[in-house]
Every structure is written in C-alpha cells, then in structure tokens.
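Going by the order they are written in, the chains are A, B, C and D; count residues from 1 in each one.
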Amino acid sequence: MSGLTRDEMAKRLAHDIPNGAYVNLGIGIPELVAKFVPADREFIYHTENGLLGMGPAPKEGEGDPELINAGKRQVTALPGAAYFHHADSFSMIRGGHLDLSVLGALQVSSGGDLANWSTGGPDAIPAVGGAMDLVAGVKSVYVITQHCTKNGEPKLVEACTYPLTGVGVVNRIYTDLAVIEVTSDGFQLVELSPEISFEYVQERTGAPLLPKQENAS
Amino acid sequence: MSGLTRDEMAKRLAHDIPNGAYVNLGIGIPELVAKFVPADREFIYHTENGLLGMGPAPKEGEGDPELINAGKRQVTALPGAAYFHHADSFSMIRGGHLDLSVLGALQVSSGGDLANWSTGGPDAIPAVGGAMDLVAGVKSVYVITQHCTKNGEPKLVEACTYPLTGVGVVNRIYTDLAVIEVTSDGFQLVELSPEISFEYVQERTGAPLLPKQENAS
Amino acid sequence: MLHKQIASTKEAVADVFDGATVMIGGFGEAGSPIELIHALIDHGATNLTVINNNTGSGEVGLAALIKAHRVSKMICSYPRTANSTVFPKLYHDNEIELELVPQGTLAERIRAGGSGIPAFYTPTSVGTPLGEGKEVREIKGRNYVLEYGLTADFSLIKARKADTHGNLLYNKTARNFSPLMAMAGKTTVAQVQHIVQAGELDPETIITPGIFVQRVIEVDEPLLESALVAAGETYP
Amino acid sequence: MLHKQIASTKEAVADVFDGATVMIGGFGEAGSPIELIHALIDHGATNLTVINNNTGSGEVGLAALIKAHRVSKMICSYPRTANSTVFPKLYHDNEIELELVPQGTLAERIRAGGSGIPAFYTPTSVGTPLGEGKEVREIKGRNYVLEYGLTADFSLIKARKADTHGNLLYNKTARNFSPLMAMAGKTTVAQVQHIVQAGELDPETIITPGIFVQRVIEVDEPLLESALVAAGETYP
C-alpha cells in the first residue's frame, strides 16, 4: 500500500476546484496543482507578490527576473492578467476575494488548526510570509501534504504542537492516503486512495477519523 | 477703507506658497488662488476626487464631464498629471503629503478651530465633503475669507459657535483686511491690507489681535 | 471560460433584494452608472441602503431612485449639490435616513471593507459633531476616532473598458470611488463602454483586477446625467 | 521647475542618518534598488532599522548592508530565502533584532503609515505566536488584533520609469511593496531605468503619483542580484 504520488495528490485536489475559481497555491507540493487543470475548466492563479493570472514557468531564456511567484521562481503572465502592489494583493486575500488557498502543512489539528511556518526550534529562523494572511482571509483552505512525516509521525493530530498559522482554518486535507474533511466533529473521511484501507489511515492519523458518510458524494 | 478684493486676497495668499508645493484649493474664494501663480514658481494642484496636476477650465466645447474638480466643475489635466482613486487621494491628504490646504470659513477661533461646513441650523442639510480630512491631514491650512459676514459679524472669534470642521488646525488667515497667523497666543497680525489700520481690524475681530512682531518678515 | 459578461442591465441587477446595501460609484455624474441605476428602478427593489458620495441631481439616476422611495438610508459625504432637490425634500420630511461621513473616511471605510479590515483609527472628525459618540483613542499623543469598514451586497459602478475577465480601466476623474466599491461589493456589476477579450489590456495598466468584478455589461453610449437634467428629463 | 532628479546615487542617500528607519522595496531581488543600497553602504549610516520583505541573498545589496553591521533591526515577513546566509548568522549571534510580521500585515501597516492611519484591526495572526501580546478585539463575532502603521525616514525603491514630477511606473512583480513604501517614506528615493519629461506618461497609468516621491535617480542598467550572487560577487 503506497498511496498517491505527489502528482496524483495534486491532480486529485485539482479535481475539486470549481471552474472560474481564483486560487492561490503555496510553495512546494501545492505548486504541482497548476499542472492538473481539468478539461473545460479555467482557474485564475493569484500570487501574493502581485499578479493575478499567473502562468507556468517561462521557456528557457525567455524569463524576466522581475516576473516571479511567491517562491521567487520565474513565471509568466497569461492573457487577462493584472499586476498590483502588495496592499491590493492582500486585500484580495484578507478581504475574502480568493476562492481557494492550497497550502502545505507541518500539522493540522482535528479542529482545523494549521501549523505550517515554524517548527519552533531554538535554532530556527522564523519566517512566515503570507501564510497567516491566506488562512485568515481566503474562503476555503485546502491542505496538501504527505499523511505522515518522514519519520512516520502523524501530521493530522488532536492538537498542533508546532506554532500555529491559524486557528480553525483548514477545510480539507489531501494526502497520499486519503481526502479528509475537517468538520465540527473532527476529521471525516471523504475518500480513500486506491488500495488504502480506513484502518490503515486511522493508524497513521493522530486523532479519531470519522468514516465516510454514506450519502456524501 | 475697503480692503482687498477677492482676487487681491487670492493673489496675496499665492505669494506665500513656496515653489513646488502640492496644494488643494477648496471651493469658492480658494479656487481663485490658482489664477495667481507667482513668476518662477510651479504649484501642483490636487483635487480630492482623484487628480494631481489639475489645470484650468477647458476651452468651450473641449471639456470632459468626467474630468472635474471637487466642486464638480470641468477642469483640465496638466503635463505630469496623474489620476487615482479616492482612497489613494485621501492617503495623500490624511498622510500629510500635501503641503497646503486653502479653505473658506464660516468661523475661525483664536485657537485655530475651523467651522466651515454647517451653520447647524435645523433646516440645513448637513454636507461635509472632504473638509474634515483636509484639515486633519494637510501640513498647513490657510483660510481665505472675508473678515466679516455679510451682516458685519466677525468670523474670527474667541470660540466657534458653528459645528467644527477641526480643532486647532488653522495656521493662517487671509482676509480682505489682513493676514493673520494663528499662534499659541492667539491671533497675531502678519500684515495689514493697504490703508487698513490695526484698530480697524481689531474692531472687526471677535478676539484679541496681537500686533505685528517687529522682527517678523 | 469565465462568464462575466451579462446581456442586459435588467439581468445585471435582477437579484438585488429588498433591504440590500448597494454601493453606487461616481462623484456627481462622473462615474455614475446611470443605466444600472435605471435598471434598478425598473427592477423594483426597495428599502435599500445606498452608499454614494452624493445624492444625485435632477430626477434621473440616483435622484430618481431616491424619488421613487426605494432608498431608506443614504450613506454619503455631500448630500447637497447643484440641482439636488429630491433628497433634501425627503430628508426634511423624515422619509430618508442620512449617515453623513467625511469623504476621506467614507473612501477608507469602503476600502477597509473590501480588504478584510473591520475597523481603523483616523484623525478625521476628532472633536467635531461627526466624531461624537465614536470611540476616541490616543496614539502617540494624538487623538483618533475608530471607524468601521463598509461592505455591500451589490456594487454598481461604471468604467471605460473591461476585458472578459472583468479587469477594468476608468476614465479620468470618473474613477473616484469605483475601484474601492468593486472591492467592497459581494456582487460587483460594472457597466462599461467597451468589452474586449482577455489579453487585450496591458496588465500593467489595470486599475481594478477582475477578481473584484462579478458582472460586466456593455453600455456603449451611456447617458449623461447633466444633459438629462438640463433637458428636464425624469426617470422612469 | 520641480527639481526631483538627483545626479548620483551618492547624493540621493547622503542625508540618511545613523539610527534612521529605512524602507527598502523589493520581493527578493524583484524590485530591489541595489545601486541605492550600495550607495548607502558607501555612505556609512549605521544602527538602521530596515523594513523589507526579506533579508537579501548572497553578499550584495541588502545582505551586504546587513553584513556590514549597519542594520540593528529588521522588520520583515520572510528572513529565510535561497542563498540567504548573512542574516541567519547575525541573528544566531544576537547581533541583529528581528520583528517578524505576516506579509499582508506588513503591507497594510506600510500603507496605513503612508495614509495617516495610525492603527487598524486585522484577522491575521489571531491565536498564533505572532498575535501574542497584541490587543485583541471582537468585532461582529470575530477576533482581530490591533496593528500599527509603519513610516520611515527614508524609502529606497526601484521603478522602471519616472517623469520629472516623480510619477512612477514599475515592471511586473517588481512593483510589490514599492508603491506603499513610497507613501510611507518621509523622503522617498526612486532609482529608475528611464526618466522622461512630465507629460510623456499617460496619467491614467501612473502607479505612484509624484507627490510620494522626493528624489529620482537614473540607473539605466541596474545590476541583477541573482547574477551577482551566482558570480560570487560581494560588496563592497
């Protein structure tokens, strides 16, 4: 039982984004989502450093070091794009104008708390970027992450031990093992990855996992 | 003893504006100031409805009803002009970026309080526009007004009886009779209009008027 | 695949409900979306709270909406302008409520509402009747009043040009409150003179990014309020 | 008759004083006014508080300023980027202070400072370590933290084009914080690739109106931070 690859996780998440959505993709696995726009849908990608209508990386030699994404990698601007300054960009975020924020995670609690910016270690240089603004303002927050750490520790927990990014902000979690909704009752299974059992996921989850609702789509 | 005409008052005020100043002119007598830019100086006029670099009224038939000033009269845009929205416009005002606001007055107190937006009468429709923002934010506030009302009542008073626009905000007052500075000691004469005596001005002023300082320029 | 273009002004305002808060762009006639306002009159929604810098002039556009008794409350900075007779009459007759807000505070409250900022402090109105009853706070030795963000169920605005993504360009000082209202409206409807394909506008020059605009409707030759007023026109 | 054009980067930063607060535009290298920063290093002002989204990379530009021990405090959102080694070392050695601010709060605090708004409430950071010690207020059932505006003695920014009135246009995502910093700086210095005469820029497209800019200096072929870092360059 190996679960989904990172690309498969990204594709699964992209499947749940409605047509016309305005989406901000965090750095790392979230960036992969842009590779999997379902047929007949168009998503508008926002990057918090001042661009709506972000496109893929430029061809070799055609990039502009002043056209970058939040991860400071070169990107392109699609037809219909707009540039703006940082205050306007975060007005979009904080003001609830973006439909979806896709973020990575260190930990997610069953109450939807997210920890994704610092391990809190004494030697760590704290760096938060725009993550706290995204979770505070965007209509939906989807986390995409490996179900467990490299050491096999669960990332989905009762309560986060790392410093929080936001309280009660995560709506859904897409992992290699499952899609899980954060409900008022805690983690609820939406879908298991192929060949993955409920028990297998529960064993690797640090809080109770509610079974899939029979009537849920 | 007739004192200055409105045009002469405006010209006198314009004489005190430094080169390169960013200036907002209120509606009425303040608008006349734009006619009297001293030689070798350039003022940049701001109108709070979204234009820096405002020029004079357009020639007959050449105006655009969507290029207007705060008084809703057609104007022009000079070379170097910029358009912006209302929040940016009032960031300029509130943020202390404008050098001078020239306003009319119903009353000015010896402490620099200004009343210029409402007589407070029960039948009056209250209307404030941008006056409260201008006096709260602009570096210097000059009032240009007739020294007395049409009924001969003083407009320069101990304490305003009309609703205030701002508290302790007026720096200088230009009237038909005199130029008066508002100091921590109250009204101080800067200059008498030709053929006008100190006593004549004091009689028409509702608070003590300090004589001109000998060393003042 | 973005479907922001609406076929008619009627359709563009069809879901405005009784009791809605509606921001209407414009400073006087400059930027006033007169065709959308007339469609709103035809539509019939009533008990509206309207946010605009003024209260209209003559008996067309915003003044006609007020005259039709559709507006229970106005939030504005300057309800008294040339040829403004409709609002003063209803105000004196206690048939319409007025919340008077300094112009810069009005602009900032709208921007705050659209930016997820629920409240802010400002020096404007401190010590005046418009600051009365408001929380005052001293910060670094100066007093400020607390003001709250404004949002709207609908924002009706006018622009010069849109693309199919809803990106907007304005005309001169007709820009005024509209980019802010676009941010603060849950549903923002823009009437524009021209709609072009996405990609035809320079992304460096966009004033309102399309994310703030839900509907665009082409009105290629918009009526001019001052011309209608001068001609003694009324609406409907 | 406006004299905003300065002849040299040296002259442009000549009055930056010890202990000054300096905002520096840019998001990573995009929009970083590297020539102005190098002039500031040459100038020698020290004990600076610097506001920038990051802390520079390699040993040029902002990182070089930090390495030269001219910065006593950084206010930023993300002090940890690729090739960023100078800041971490000084931070671990307790030789530089860090005020970590969420990126959107940082942007809004700078805009507020430039707009005469001394403080505002925001939902960002509520319940997190970065909200600790801050005043929390419930507004309409949700909690917000109080944040204060930021201003600077000097803002050093980079733009694509200026006119002689100081109106600025930017390049793509190099715009980022610079229009806000221009508003918040008591003295704003813009290095630009081209200066044109007033009237040559379309007034509809100006991003930073000239009132926010006190000095412009032409640097027609600015250095590229990433290229310098890749080449192992250091400054001075």
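The rule is short, and it goes like this: a contact is a pair of C-beta atoms (placed from the backbone, for glycine too) under 8 Å apart; a residue touches a chain by one contact, two chains touch by 3 or more.
Bear in mind that the values here come from a model prediction, so they are computed numbers and not experimental data.
Chemist: Using the contact definition given at the top, which chains are in touch with both chain A and chain D?
Modeler: Under the touch definition, chain A and chain D have C as mutual neighbours.
Chemist: Where the CA atoms of chain B average out and where those of chain D average out, how many Å apart are those spots?
Modeler: Roughly 36 Å, centre to centre.
Chemist: Roughly how many whole angstrom separate the Cα centroids of chain B and chain C?
Modeler: Chain B and chain C have C-alpha centres separated by 29 Å.
Chemist: Do you know which chain C residues sit against two or more other chains?
Modeler: Residues 108, 111, 115-117, 122-123, 170, 172, 204.
Chemist: For chain A, which residues are shared contacts with two or more other chains?
Modeler: If we look for residues of chain A contacting two or more partner chains, we find 51, 77, 83-84, 87, 90, 93-94, 136-137.
Chemist: Which pairs of chains touch one another in this structure?
Modeler: Taking the chains two at a time, the touching pairs are A-C, A-D, B-C, B-D, C-D.
Chemist: Chain D touches which residues of chain C in the complex?
Modeler: My answer: residues 108, 112, 115-123, 137, 139-140, 142, 144, 148, 169-170, 172, 202, 204-205.
Chemist: Given the complex with chain B, which residues does chain C contribute to the contact?
Modeler: 27-31, 77-82, 87-88, 91-92, 98, 100-108, 110-111, 122-130, 170-180, 207, 224, 226
Chemist: Name, in rising order, each residue of chain B that touches chain D in their complex.
Modeler: Chain B reaches chain D through residues 19-20, 22, 40-42, 44, 46, 51-53, 77-84, 87-88, 90-98, 136-137.
Chemist: Touching residues of chain C toward chain A in the complex: what are they?
Modeler: 1-3, 111, 113-117, 163-165, 167, 183, 197-199, 203-204, 206, 209-212
Chemist: Going by the contact rule at the top, pick out the chain A residues touching chain D in the complex.
Modeler: Those residues of chain A that touch chain D are 47-51, 64-68, 72, 77, 83-87, 89-90, 93-94, 118, 123, 125-133, 136-137, 163-167.
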